[in-house]
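The structure follows.
Labels run A, B, C and D following the written order; every chain starts at residue 1.
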Amino acid sequence: MRVGVLTGGGDCPGLNAVIRGIVRKGVQEYDYSFIGFKDGWRGPLEGDAVPLDIPAVRGILPRGGTVLGSSRTNPLKEQNGIRRIKENLAKSEVDALIVIGGEDTLGVAARLADEYGVRVIGVPKTIDNDLSATDYTFGFDTAVGIATEAIDRLHTTAESHMRVLVVEVMGRHAGWIALHSGLAGGANAILIPEQRFDVDQVCSWVSSRFRASYAPIVVIAEGAMPRDGEMVLKDGSLDSYGHVRLSGVGEWLAKQIEDRTGKEARTTVLGHVQRGGTPSAFDRWLATRFGLHAIEAVRDGDFGKMVALRGTDIVRVPIADATARLKTVDPELYEEVGVFFG
Amino acid sequence: MRVGVLTGGGDCPGLNAVIRGIVRKGVQEYDYSFIGFKDGWRGPLEGDAVPLDIPAVRGILPRGGTVLGSSRTNPLKEQNGIRRIKENLAKSEVDALIVIGGEDTLGVAARLADEYGVRVIGVPKTIDNDLSATDYTFGFDTAVGIATEAIDRLHTTAESHMRVLVVEVMGRHAGWIALHSGLAGGANAILIPEQRFDVDQVCSWVSSRFRASYAPIVVIAEGAMPRDGEMVLKDGSLDSYGHVRLSGVGEWLAKQIEDRTGKEARTTVLGHVQRGGTPSAFDRWLATRFGLHAIEAVRDGDFGKMVALRGTDIVRVPIADATARLKTVDPELYEEVGVFFG
Amino acid sequence: MRVGVLTGGGDCPGLNAVIRGIVRKGVQEYDYSFIGFKDGWRGPLEGDAVPLDIPAVRGILPRGGTVLGSSRTNPLKEQNGIRRIKENLAKSEVDALIVIGGEDTLGVAARLADEYGVRVIGVPKTIDNDLSATDYTFGFDTAVGIATEAIDRLHTTAESHMRVLVVEVMGRHAGWIALHSGLAGGANAILIPEQRFDVDQVCSWVSSRFRASYAPIVVIAEGAMPRDGEMVLKDGSLDSYGHVRLSGVGEWLAKQIEDRTGKEARTTVLGHVQRGGTPSAFDRWLATRFGLHAIEAVRDGDFGKMVALRGTDIVRVPIADATARLKTVDPELYEEVGVFFG
Amino acid sequence: MRVGVLTGGGDCPGLNAVIRGIVRKGVQEYDYSFIGFKDGWRGPLEGDAVPLDIPAVRGILPRGGTVLGSSRTNPLKEQNGIRRIKENLAKSEVDALIVIGGEDTLGVAARLADEYGVRVIGVPKTIDNDLSATDYTFGFDTAVGIATEAIDRLHTTAESHMRVLVVEVMGRHAGWIALHSGLAGGANAILIPEQRFDVDQVCSWVSSRFRASYAPIVVIAEGAMPRDGEMVLKDGSLDSYGHVRLSGVGEWLAKQIEDRTGKEARTTVLGHVQRGGTPSAFDRWLATRFGLHAIEAVRDGDFGKMVALRGTDIVRVPIADATARLKTVDPELYEEVGVFFG
């Protein structure tokens, strides 16, 4: 058995742990051989691959990023993309393909499996934790940890100057990182894409915090938006979900807070540091187990499936389930956390 | 409604987050008042308590330890212990008691509830993650993170001198910390209390790692033991489970490895650093939610129950369920991880 | 002896360590009493002060920020500012004043000492490390550590996507943070305010790094500027040094790199996280020793002086020396580091 | 010019940064070629070497340990050791040798230079910071940082259980790590090899801390010793300095404190984690500059010298100066820090 592996979409701490898990178990227990396609779907599209054996995966467990490279190349948008992939897989004598990626990458995998009979196993990857059918995705815990540490640091700056600090974290369509890091960091308001926010409400939380003689921290997901009509868009382009894509909502909000409360406000945009660097222990554990179970699914011939976390178990679900619906923050959970606002 | 809170047993990052969650929600949403009993069961036994209000829980979220103090005082071993507790609860006009603790502490809570009708809600706490009925306990993720970071550091020392490094981590009866940190840290052998280890097998993993020109790391739980007859006990006292309590199994193993393989071996005992300091973001999230749900159980009058994590949900289970059975590492899971040994 | 203490200017990890050092030694060894003026010069200007004793400084060593608060209030710009301060110092029966601050704050202290005979001791504080007469200032090491950790993380993201990552760090007039964190983080170009940069040169370093099959990291101080004529200013206001104050030079540079090299480039602005949170061990050591020596200078009656680090010794220099000249990066040192560019 | 490089003695974060600095500058600016001898003096003794070029040093800056390996092999104790080294250097056509090491390793280098005319440049390395002639050695700041973080964590455990925590850190002959981490971690007693301690004095500090309702932390260097006659040695062997080598002084002290104060005491021995893992930003900066200046000394033909830090400058001193005298903690400095005891 010869197995291809690729990693697609934005990078995410834990990708290397998945690759290592796949190769270690595949070689040692089942005597499989492996090749790694480079830069997501670009690899099989252009026939660009490297051999993957045990020496190739030594020492990669604690390293962020992906040794296979990644890209957002979408074969569905390339001429004869799917056919060229099929041909290159055949040329490489690949019997099965393990695809590690998010919604877009797995969407292509699902089509390859359903329409073209390619033998595919999926491994879910999104730093935003917004894939259905799995309790958590790897990379998310690392991102939340980095954001929480930043919020911890910002508290002391806020207190010393009695300023508002607005922290913009990742999360275009789902507020998981904002919710977890905001709660863990003791934020006084958490704003998420799932629920449009009311600037006056935010200002009232801010003022209430000042009245207790503390300085407020507001955590806002990059995709959070104020109620209709409140915000003059800096950038009105539509994204792939058909949503209006904003940039700089954190800075916009800080300005609003200054204007309405008369207090100084500063913004910090955490950006790419949230997705780089060594994975947390939790993410190394989860990613490694995803890798081990992915290769077991190959061995069982259980194709068209994706591995997923349910409680403490790794299970298999149809790839299509993962991509069918964005996993967003439940209003009830958001309300639960709201007790800490203000 | 007046609610008492206590924290018992060994300290654990996240205890303060639970207390804060309880008080914030209890005061703001239900207008309850709170008192905190000091040092675990010693507090209600001796009537030692402090008021708990919102100012008292400000700023404690990121702090390790417990602002209420803790102890291993067991009222079942005190003369009229249970009766004195009942009296002191009555004197303090406490309508309900939230008990945050591990097997021993919750065992007392269960008896208070079952036999004396005290209105008790439990919150599970064990850094070892060995309580049944909950997927994870808070503090465990922090401990695993600290141990993993130490293992990361020890790799470079091992490589530079081509030495074996034996890392002894917490876990007297269950190998969860060893298993998670050992996997996350890329250990070449992980030894847990659930399965007696064979020193020759460990030496064979060690040698295999050296043959690949790398230096081995062996992670061992403090409660792990070699096969019968192999170890001369340094300390043969029986612990509360009737197990022989060893000390220094890591050092013993390092000596054995040196003798049998001729390679230098060194031991690091991580000890108390694993349970101190600021909780990880994961533990702050989990602990806070346990606190919020504990006070909701009080509001619902659902006494005799303990909050627990199932997947991403917080549920309620009978306190007795938690203490009925130690949650140990499943042999299948241990085998899954074994692919990385050697 | 009754001593006043104040902290002025931007906050900086280590301020609390200085305060603790002053109070511990002053009370225990010399039996002095202390009051803390609130929010920099605002405190003595408005007579706003709190008592400072040993219980007040317990537990503050590892905490970022300043328990006394800070502000940029400049008494020289207030009506009768200096006179009001003199009066309030007299009213508070303060015999000596320890002023912890940067160029502006110490400038006021120097005038108070020189022109009004106020008995002042200075403690230098600037996260940018740009004060003359001291080898290092506390807070700088913490900022460099945070920036380095961020750069470490960004490397893996850059590699996975073969992108340029531009990291904007603090440093309006001096490039110390950029230089140290850029070197420690293995940056492929470091741009500092002391030397105008040539975008084509930067692009050539970037391209050279890509040719070695690695992705480049460019570290740029917020005050760095391209050669004349190259940059269209987004914000042309003059700052207190009479320099043009730019905002967003990192983002501007990323755009230029994309345009000229055809490679994707992303920017991360680290911002306030660099100055918040717990101080590094180095900064706690330095800040504490500054505190201990400041109170010794008070005891010696050696007023008008500032404590300073020279090698491993703490010495005293005239306050005016510190503020006379901005300590900028020596061209020779910049050239030494340049061997790593490209 | 062909330059050999070796790293000897215990490993230390920053060794790889030195190697990288040497090679980057030597190749790029002076067009030198390099070989790396393996495992300290074992390499030139046995003629074991690897080529060192720019690709070989890529990515090693943030990695702990040493890519060249290390050992405590002492050629002075090998038959014809020095002669064999001379022959192997000649065979490898090495024109100059850069030796990175501590007292023992540099001692050999000094003899090679003085007695055999080998063209040697030294780079000082000791995690204990106990080499004369340099303000700091790299690795020390990392070790202090790790120890400080551990002490921070242990505070919360001590407080929760009102226990004494004894932390044993590295430092056999000099107390620098204990002094810096103890001060930075807010320890209530710091015990160093330079000054024999009085157990009753320690107990009095411990009791005084408890009276203030806090739990004490005692930091002790592994080489600290009680006053004569107080300690029954567990291990009486003499070390290379002719000192009695103790093991377990931390545990011994904890027992004494328990016996004399009646309070619970626990010991944590930090051990090898202090010397492994990624170097701090400070150490990366210092080590890199040492490397750059070492190759410059080679270019200048200034052999027999060692690079050293003085303030913020890198200077050159005779190698013999470094090894002439152990740099121990000055009694005055120890007394300065003593204000925080108790």
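Observations, loosely collected:
As a working rule, a residue touches a chain if its C-beta (ideal position, glycine included) is under 8 Å from a C-beta of that chain, and two chains touch if they have at least 3 such contacts.
As the structure is a computational prediction, the values presented were derived from the model and not from experiment.
Shared contact partners of subunit A and subunit C, listed by label: none present. Centroid distances from subunit C, each centroid being the mean of CA atoms, peak for B. Note: centroid distance subunit B to subunit C, computed from Cα atoms, is 41 Å.
Centre-to-centre spacing of subunit B and subunit D amounts to 35 Å, using the average Cα coordinate of each chain. For this pair, subunit C with subunit D, the centres built from the Cα atoms lie 30 Å apart.
For subunit A, residues touching at least two other chains, in rising order: 152. Contact topology of the protein chains: cyclic, one closed ring where each chain has exactly two touching partners. By the contact rule set out at the top, the touching chain pairs are A-B, A-C, B-D, C-D.
Within the complex formed with subunit D, the residues of subunit B that make contact are 10-11, 13, 15, 63-66, 69-71, 146, 149-150, 152-157, 159-162, 165, 266-269, 271-273, 275-278.
Of all residues in subunit C, only 24-25, 28-29, 58, 61-62, 135-136, 141, 144-145, 147-148, 152, 180-181, 183-186, 212, 214, 278, 280-282, 284-285, 288-289, 292, 310-312, 336, 339-340 touch subunit D in the complex they form.
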